[in-house]
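In what follows, subunit A forms one complex with subunit B and a second complex with subunit C.
And now, the complex of A and B:
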């Protein structure tokens, strides 16, 4: 039972990414911003004219791709974590409130969720980030605020069944307030499921951030981002394909790792759920 | 239904020999069924009784070849009509299942596929083993089967979906599926546990009729000693994966051979008498991973007293006189233990303890009603479901009111309205003389302390993410009176040690969880405790422990109980007064003795006569109510019970009879023809009694 393929894959992929993001900045060659006009578009594993060695080559401005990939990874992870945190808090709160109180509160909140889903997210993000201007913080908050619906829906569904569970009813008969029940009984019981949703959404957000950056509405230069790196490399696809391919691979590894992690969480949650109910 | 005495080999339908089933555990394999042997003969009903974890269902799953990994048969043989089953391949088993043997599962709500028409589902069973049949023939056979199990309008019912059938009707369909190929052996696994008593009586009589027609042998698996004693010819009692004894079912109650069986019988509350305290088998159902050495029952046995053979040596099943066998080293002592136990029983005479009546009522319910609006939507007009209709009663301090009725009668709705979990549509409730229904906000939350609840399901009533200490401490924290000492005190009240507080609910068994739920309900020193089916989910031996605990707490703390249950024997044992509910109304209300010994309302009479009685003397009248509960959205005019009543006359349709004293000052009933059991009254009412279907058991 301890052998679980998706968990092993998840842990190894994420470990590779984290080690890469953490260790690269400690290396002596680390310099994501330094331009070297004598060494632009150096291919992978070669040295520039002035004799500097680049493991993954350089971009059009002669910047070290290895360093930029690592820094871009940190940026993506940061935005992802921030957005997940924002959407989890908002989604769980609204979902639990809707599911516990029902009635007009529920209608309002779920109506808001439907409204949110009916507006294309990319379009909304483009419009808003064009207005308030792109920055890492703005991106995290924006991405977070537009992806709470997944948490809200799941949390509401669980709250609907939890509010009828006898431990919640008996707390009510003891004089517990709604806030007490939501905090003490509903929240702890939905949190594990919310982390599953979170690990899945994390991957989605990283991709979304990459798309925005690719469109130039995400992270602003000189700060790198994988999406932006793909976008920059696109024009040189024939000349230096690694420029676009390398960030894509990094993006793939991180997102795949997160998806497998969410898979592993899900199966674990199922097992725990079954054993709890089996009499 | 007489037992064929001849035991020629050709007579034996199923023969199980030395069957053992194991499952791998953390510390080596765990033996769940241990060395089980029995025969089922032609034409007989063989009962297997046991509590949860006794291995009774596993044994029959093994017979059906349905054991799933990691469960494994490690030894033994299973022969069906002389053919060895344990060595058959899955394909070969498939040709036997459904044809030579078939099963009826417990819950008809989950056994049927909700998206398939009833006719298709039964037809599937017919077609599987008769691939050559034309669809016309299959259809005819299905209609025939529907008639066989007594489903009215089979042509119309054929194309309906399961959700258009009531629970009892669904179980009839399940029986029809099982009987589709006229199997030699029918296995019924708790076939009536999910059903109400009056429906249980219907289903059992359908099973008997069907068997009569096809001459099938039946294995009846159940936890209900009364049911097995009444229906079975022979029976086996299982405990901890072993057979404790086998005997003719008729002598089970009069002459149990094993101390476990004797203990179970002593711990059953009875409808025909009230005792001060039930006997309860001490301890818990054993954890089979740490199976006790020697006799598996010895740690809980009242006779063993730690004697060496009990601790060291596994008793084997040895034959006694008259078709019985027992697995106990000292089975000859059981009769003496029983006698001593019987002598120790104190019969309660309630007439002597009536002086408390003068006290003012602690809970007064006045004309309480609750309506639900059903189907509020854009397209459908809403309908009103009257869940509670003019409920009124009073309970003096320190007394217990038993509320009985079948599912759908509104007893749980009443609990929820009383607890203010649902809002009442009308009427008042006075708690300690103060109105309770119009309180709001902080004043309501403060007043709630006086009225607490214990629910049915011990698995859903404790938050799995809290420790027991937190669970019991919660009501104290809500009111800002947290005190760790009080929690230990409460644990001691319900018979648990303080170190239980550090553990979490999943580590506890059902009975222990129910103790914890009781401790939590007591934390705020309530005056009234609502017990909503609080012992219904527990095994017999554990149920007696909890009932005794409740009675002890009532005496010590002066608690008042509203005891809601469908189990009449338990209600009789614990209550001072009983109210019987039908379709949202109280139809009879009186002192427990009056109601049980001279029931006035025909519904109460039918309920009482539906209880399986092991010691039922031949020729005693049983009232089997026809049909199901009427649709509460369109209740019958006049008396709502008249559609199922064996005494109904035209007059009953005109007006709803009031609940008023009819057969005694304190004995209220809502019937125009109250009193006297039906078989006495039958001559007087004449044709009206023709509705009644009396069977002699």
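And now, the complex of A and C:
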């Protein structure tokens, strides 16, 4: 696996996805919600009885799949970015505090991380989202709060060595407070690494959101989501396989793009997630 | 070894206590159990009476210890939809989930093992890259999408395998393949890395110097050492696999705990949801403990940590 190949694949997949999400809403046919009773389950590249052309066909309610795919992508990307932002902030903060102060603070924070890892993430998300009710904001926050551990662990590990470095010690002897040291000396040094973790976690979160939506616990109708579209298409698998396959392809393009991006960032053999999983 | 064992068991018990605490808060989040148990037209008096009967009028801290005591007895309350204990509903489904998770686990490891050996033995760079790209591609497909594609190919088009339910071995193939291959890329990369590490060890050079062949050195000398990290990570991932059963069971209508949890969510049957989540987390903790202890037995270096 050469470095450059991953990078080319990542950039082209993500470029396709971003162009698709941005350009589709600008098209004259864009209508993710409009139902057409004369055009239910129109196959790809055919027209409905009332003569409207659908490039990717329609779903059971006669809604344009192309438009829905694009809107669902925007929703997924938005939730993903929100969740990554939440988990990055929480994870970096807790990780740096744990690594800088050590002692009981570190034991407490890392204990919390271990505890969170001891409940499978999907189950925790199902339980909480079933109870507080899913919405786009709730999902982004929930997914973010359950994903901070990867950042926290890496940030703590880096803080452990950074706190012993001369520039931190020198600042401390000159009376710098812990908050100042963490903000000015630790944070800038861990951020690049955190963005690598983030690119890997982004893909994971997109899959997690899609899985929740597939189970009916994620994005709620009328807003479309790829996971929900797959679940709707499952009943028509024999009749109209494209209903379930098209959103799956969209998911694959985005997730594979993000996966190769994080692979291009890291050296071969150590993807950011491995360290999280293998303790 | 004893210190290591005691430390690890205590750690696990602490984790279980944490999971119970999380469950307690989840129950509180779900709303007043007295209200959930009654119909919508219940009067304030009725609610107060049920609150007293359920002990909800006592201080929070007493309720918390009471909750721990109930959990330890396996009592998660009665299902809100069926008049049976929530835990008994969950326990009924455990064999199906274990069957799926363990088969997927063995299948995934077996595939990684075979493909890893092929990647090491083949001289062709193309074959190596092909296997890795396929594994990476698989990882980018969510479980439900992959499951549906499998159903489409093997059930709808080829009509070789059943698409849903549990019973015969043929029912198990598609779900296990779907769940078991998800972590293939991770296993392969790990196996490759540890084989590469062993390759540089002195004992390998000695074996070659004695005149042993490539296959003999690989299978007889390197494999036992290289398998250790693979098995550990796979063991830890068995927990993730348990999480993955939720989606897999839903795709294939597999009658396990995960599907029960998802069904209970749509029926808002909170005692069953929480009992299910607790039981799977408990299995996860126990599996991790077993893996760690086994690892400590196999590799003395671990005990030092």
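The definition used in the following text is that the second predicted complex is superposed on the first by the 263 of 279 C-alpha atoms of A that agree within 3 Å, B and C clash if a C-alpha of one lies under 4 Å from a C-alpha of the other, contacts with A are read in each partner's own complex, and residues count from 1 in each chain.
Criterion: a contact is a pair of C-beta atoms (placed from the backbone, for glycine too) under 8 Å apart; a residue touches a chain by one contact, two chains touch by 3 or more.
Just so you know, these numbers come straight off a predicted model, no measurement behind them.
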Query raised in the report: Would subunit B and subunit C fit next to each other on subunit A once aligned, or clash?
Result: fit
Query raised in the report: Looking at the overlay, what does A:230 touch: subunit B (first), subunit C (second), both, or neither?
Result: second
Query raised in the report: So, does A:107 touch the first partner subunit B, the second partner subunit C, both, or neither?
Result: neither
Query raised in the report: Could you give the angle made at the Cα centre of subunit A by the lines to the Cα centres of subunit B and subunit C, to the nearest 10°?
Result: 90
**Report entry** Winner by number of subunit A residues touched, once subunit B and subunit C are compared
**Finding:** C
Report task. Based on the superposed arrangement, let me know which partner A:161 touches: subunit B (first), subunit C (second), both, or neither? Result -> neither
Query - First, second, both or neither for A:184, with subunit B first and subunit C second - result: first
Query raised in the report: Does the superposition put A:137 against subunit B (first), subunit C (second), both, or neither?
Result: neither
Requested in this report: For A:175, decide between first (touching subunit B), second (touching subunit C), both and neither.
Outcome: first
Report summary line: Distance floor for C-alpha atoms, subunit B against subunit C, superposed on A, in Å, equals 5
Query raised in the report: Which parts of subunit A are in contact with subunit B and also with subunit C?
Result: 277, 279
Report task. Show which residues of subunit C lie in contact with subunit A when the two form their complex. Result -> 14-15, 18-19, 22, 26, 29-30, 129, 132-133, 136-137, 139-145, 148-149, 151-152, 156, 186, 189-190, 192-193, 229, 232-233, 236-237, 239-240, 242-244, 246-247, 250-251, 261-262, 265-266, 268, 270, 273-274, 276-277, 280-281, 284-285, 288
Query raised in the report: Quick one: in the complex, what on subunit B touches subunit A?
Result: 52, 419-421, 444-446, 448-449, 451-453, 455-457, 459-465, 471, 474-475, 478-479, 506, 510, 517, 520-521, 523-524
Query raised in the report: What residues of subunit A sit close enough to touch subunit C in their complex?
Result: 1, 111, 114-115, 118-124, 126-128, 130-132, 203, 207, 210-211, 214-217, 227, 230-231, 233-234, 237-238, 241, 244-245, 248, 251-252, 255-256, 259-260, 263, 269, 271, 273-274, 277-279
Query raised in the report: How about subunit A: which of its residues touch subunit B in the complex?
Result: 165-167, 169-177, 180, 184-185, 188-189, 275-277, 279
